[in-house]
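Going in written order, the chains are labelled A, B and C, and every chain counts its residues from 1.
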């Protein structure tokens, strides 16, 4: 029997040496996710692990491509962790609709797609064959708390988890 | 009886000393809002009041955090004004789904979330208990007409206004 | 009889001297489009023609407003080409819901809306009277492969093409 998405998620976070707090929360005045009419919106996630931003700085200057890819992995895993806590099970995900990847970039850093690939690869690993998604990657000038990467996501969901 | 959302909106704009033109329009070739299948999309709004951009310049350099928060308030109130004119009544808003906050930032300005909070607070004040929303805040390099902040929004709507 | 959208699209690409590859594809790990529940999402498109990015560099510095508008035209035509290949026919487009326009900007370049207008004009030319759309235009610091402009799109679709 194939590994469940929840198992795959746990395996990847474990392999990358990451764990998240029990409950991921938004600020006082916004939510980490909102569900409406078969869609789940997820707020922009920065590479935060237990309250600390683990990759900061401008990519291509203070921060390497490799570190930026690591940041993208943490962001997307945090998105998936929010999915999991919001839906109860990752099996309720029908399709990843859109992923926006914002990279705090140096003036001449043009590999935003290569940064985003690290996030997309994880979506495929966890949700295949339904991991396909649209994506927009841009290079921004700053991000909250000097994070190197920020990612948000929109997901189509099933009303109920299918039987195994 | 609780104040209506329309009254709360009027009260906040009055308190902040803002009023908008009779009808808010897009350019010649785009719309301020598009309604489709229970969702209302709102175009990116800059802090324009009666044709004038009231807060301009790079935040953390030419423009203070306080002024940027004021800009975010004007942007979100303008979004709500568009909601109101598009829907007839703010009571038709079912849920705020997503808010994107773009802040024209200095190289080392990392308080985009604090800017966005000023907009989120107003959404809560007007739409509570349905003001909860997802949010993405990023620091961009420039914005149309040198605006300090730009905000767009997606809202879930009811087909008809509920009876009072 | 009015020209069909497909004919209008062909006419505009021909007039602008552009043609696209047989099939437009995403990367190894993301899709150019995802369809779900009456909506079609399109990934961020840069001004690529047969594998070459035809307009690069920072607008207002290395690149002129005129060239940036040309870039926006190529991006939106590429989005429409993806629509066409994904839907079979442009007649299945019900409404353009949202267009995001990212412009790689110089520090003092504030005409992002004028760049975006070049894309919006094409949407009107092809989809009138249903070309109306919401739009957000921002000035970013860099874009993948040093592209001057990137555009993504969300479209409402009909389940079946209407009879002519």
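Criterion: a residue touches a chain if its C-beta (ideal position, glycine included) is under 8 Å from a C-beta of that chain, and two chains touch if they have at least 3 such contacts.
Quick caveat: nothing in here was measured; it's all calculated off a predicted structure.
A rotation of 120° superposes the C-alpha trace of subunit B on that of subunit C, rounded to the nearest 5. At the subunit A-subunit C interface, residue numbers used by both copies make up under half of all numbers present, so the two copies contact each other through mostly different positions.
Separating the CA-averaged centres of subunit A and subunit C is a span of 26 Å. Counting partner chains per residue, subunit B shows two or more touched chains at residues 140-141, 154. Listing the residues of subunit C that touch subunit B in their complex gives 38, 94-99, 105-113, 116-117, 120-121, 123-124, 131-141, 154, 156. Across the complex, subunit C is touched by residues 26-34, 36-37, 39, 41-44, 100, 102, 104, 140-146, 150, 152, 154 of subunit B.
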